[in-house]
Amino acid sequence: MILHTLNASPSSAAFTDCVSIMAKGDALVLMGDGVYAALAGTKASKTLQQTDASLYIMTADALAAGVTNLAAAVSRIDMEGLVTLTETFPRQQAWY
Amino acid sequence: MTAATKKTVLLVLRHSPYGSGLAKAALDAALASAAFDQSVDLLFMGDAVLQLQPDQDSHPLGMKTIGRQLASLPLYDINHVYVDAQAAARYNMDLSKAPLQTRPLGGHDMHQLMVGYDHLLGF
Amino acid sequence: MIYSLLVLSSPFSGHSSRRAAQFAHCVTARGHTIHRVFFLDAGTLASAANSVSAQDEESPVTGWAELADQHGIELAICITSALKHGMLDQVEADRHERASPTIDAAFTVSGLGQLVDAYASSDRLITFGG
Amino acid sequence: MTAATKKTVLLVLRHSPYGSGLAKAALDAALASAAFDQSVDLLFMGDAVLQLQPDQDSHPLGMKTIGRQLASLPLYDINHVYVDAQAAARYNMDLSKAPLQTRPLGGHDMHQLMVGYDHLLGF
Amino acid sequence: MILHTLNASPSSAAFTDCVSIMAKGDALVLMGDGVYAALAGTKASKTLQQTDASLYIMTADALAAGVTNLAAAVSRIDMEGLVTLTETFPRQQAWY
Amino acid sequence: MIYSLLVLSSPFSGHSSRRAAQFAHCVTARGHTIHRVFFLDAGTLASAANSVSAQDEESPVTGWAELADQHGIELAICITSALKHGMLDQVEADRHERASPTIDAAFTVSGLGQLVDAYASSDRLITFGG
């Protein structure tokens, strides 16, 4: 089980590489430019949902970017939520 | 600033608002151009369309909000703002809610636009 | 649990470095131990003592320095990356005949062995890049 | 370095050799791990496969050649090197000519590989 | 007529954006990570050729990257060649 | 012809900044005039006087300093970007109470008006980023 953190926009190679590795049982946290992948109705957010991984977004980063219209599968978390995920998942992979 | 011939200038923005310092740098360059009486136009391409996302608020992250600053450009007589229509569609953006009034363009139109300027500054 | 952090992002590009400092604060608030924060590549610029932020913007150093002050957490910057980026402590400034150190006092110049020790000693190694 | 439990570690490289400092940072981290008797494995993913391009020579640009430095890894007992097969194919690379002997993996296999380690360091 | 300079790999948004703008009569100079777009037999080099623009690569950057097997349409230039192109083309667009 | 250059790339990431300096040398060698080189954003790090390069690697400052010495070319760094990145001349070091300047003497701290003047005064404006 991998906790993925994505800090790059859906137009980046980081996004493509991250998605190619994500699997059921993994979790993904969108942060920084990664938050744009959560926008409802986009190809990026559909691609994320097809991975069957759990999807999270850092609330403050989403608000900064004006990303308010989230795809339904994406849950908002704060910094404590991120720490909690790192407690649960034994390893993290940073994509950027 | 020394007296110099006026040049027509297009700032071509290509990067997201907070992922690097480039959006802020381009904004500062646009404002400086206006302050020194040199008019510039703007083209938001690719991920730079995300600078036009409505309701940004980056203060909680300790950074200035780009979208709010873009809204002030018309006060400085920067009125010709173009946007990559495909990129805006890719991010499912409603440009009518953007902080700036923009004119959407396709790929061929962007090329036509760019060849009309003396200088292109790519940010 | 014991955590270590690896910070690769420049504090002057994006907010990843700032967010990493907030993450570290939150890790300690939840009762975990942070063994070390290791700064590598452009991450070492977080130690830049001479950075002057714009009004309304937070200095990138502040969040990290608070972490060291309040919780005694070790902030280790990789010596090779630090030298390349012009980040010198007193010893390095003397050695390379520069006028004065350029890193904030909260940071320590270290070898990469301290990154190895960090991941070997920690239950979690969390990387911040971009 | 304090005595500590050994951990299994995979360095996940994702960036091109000269476009940033990340390839060099990862290489230095790998060599330091070996020097401190902590074994690490390497996975070259996406654009990082370009680090394995044969016949690199960046000396004329005033930089050290990454490919040449990678060739020395087996001397430090770093022998488990994996590569993103799709990315290598995308760049039409002949991995038999790479400076390192590598094992090509598909997406699913890379996931399987990654879950076998205590720590993943993403460069 | 535009002189494009590309300093980003084919997996970047910079490449995609650059290609979407390139047109006949334009020139493109590959430099830095842009040189990988010249690799023979890749989708990237085919995409470049379809733009009908003139294609150039900085020799020193190509050698640094080990990019020796160039697509036929790409010509090697040195720094003086780049300066010559900037003399000919009235404007440059930097993609990175 | 009259040229100006805009340098946005960090000298510590990729070789774009170094290549820009070589481009500038070549422009003058072909008999053109360089009105100004303007450094903005991470580009301002090219002025870092305290950077210590690894053996076998060239200092990013060298190529630019030679340009200023040999051809008297103006190397202007944007003040806002420079302050953010900790690049201070003597005046700014005094103003912000830092121990000593951190930029190489070949560079001048300027406002963005000098970028505007650069493109308004030049036949060619060549940008280096990435």
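Note that the chains take the letters A, B, C, D, E and F in the order they are written out, and that residue 1 is the start of every chain.
To be clear about the criterion, a residue touches a chain if its C-beta (ideal position, glycine included) is under 8 Å from a C-beta of that chain, and two chains touch if they have at least 3 such contacts.
Everything quoted here is computed from the prediction, not taken from an experiment.
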Legend entry - Common touching chains of subunit D and subunit C: A, F
Inset, instruction - Report back the single chain whose CA centre is most distant from the CA centre of subunit A. - result: F
Legend entry - Most remote chain, CA-based centroid, reference being subunit E: C
Inset, instruction - Could you quickly compare E-F and A-D and let me know which has more C-beta contacts? - result: E-F
Inset, instruction - Averaged over CA atoms, how far is the centre of subunit A from the centre of subunit F? Could you give it in whole Å? - result: 38
Inset, instruction - Measure off the straight-line distance from the CA centroid of subunit B to the CA centroid of subunit F, and report it in whole Å. - result: 24
Legend entry - Averaged-CA centre spacing for the pair subunit D and subunit B, given as whole angstrom: 39
Inset, instruction - Determine the centre-to-centre distance between subunit A and subunit E, using the mean Cα coordinates as centres, and give it in whole Å. - result: 33
Inset, instruction - Could you tell me which residues belong to subunit F and also touch two or more other chains? - result: 8, 12-15, 19, 42, 54, 80, 84, 125, 127, 129-130
Legend entry - Numbers and ranges of subunit B residues touching at least 2 other chains: 18-21, 46-47, 58, 61, 63, 119-120, 122
Inset, instruction - Could you list the positions in subunit A whose residues touch two or more of the other chains? - result: 8-9, 11, 13-14, 16, 32-33, 61, 64, 90, 92-94, 96
Inset, instruction - Give every touching pair of chains, nothing left out. - result: A-B, A-C, A-D, A-E, B-C, B-E, B-F, C-D, C-F, D-E, D-F, E-F
Legend entry - Interface residues, subunit B side, partner subunit F - complex: 1-2, 4-7, 9, 20-22, 24-25, 28-29, 31-33, 35-36, 38, 119-123
Legend entry - Residues of subunit A defined as touching subunit B within the complex: 8-9, 11, 32-33, 36, 39-43, 60-61, 63-69
Inset, instruction - Within their complex, state which residues of subunit F touch subunit C. - result: 10, 12-13, 42, 45, 48-54, 80, 83-88, 92-93, 96, 98-102
Legend entry - Contacting residues of subunit C [partner subunit A, same complex]: 1, 3, 8-9, 14-16, 19, 22-23, 26-27, 29-30, 32, 124-130
Inset, instruction - Give every residue of subunit C touching subunit B within the complex, in rising order. - result: 12-15, 18-19, 54, 56-58, 130
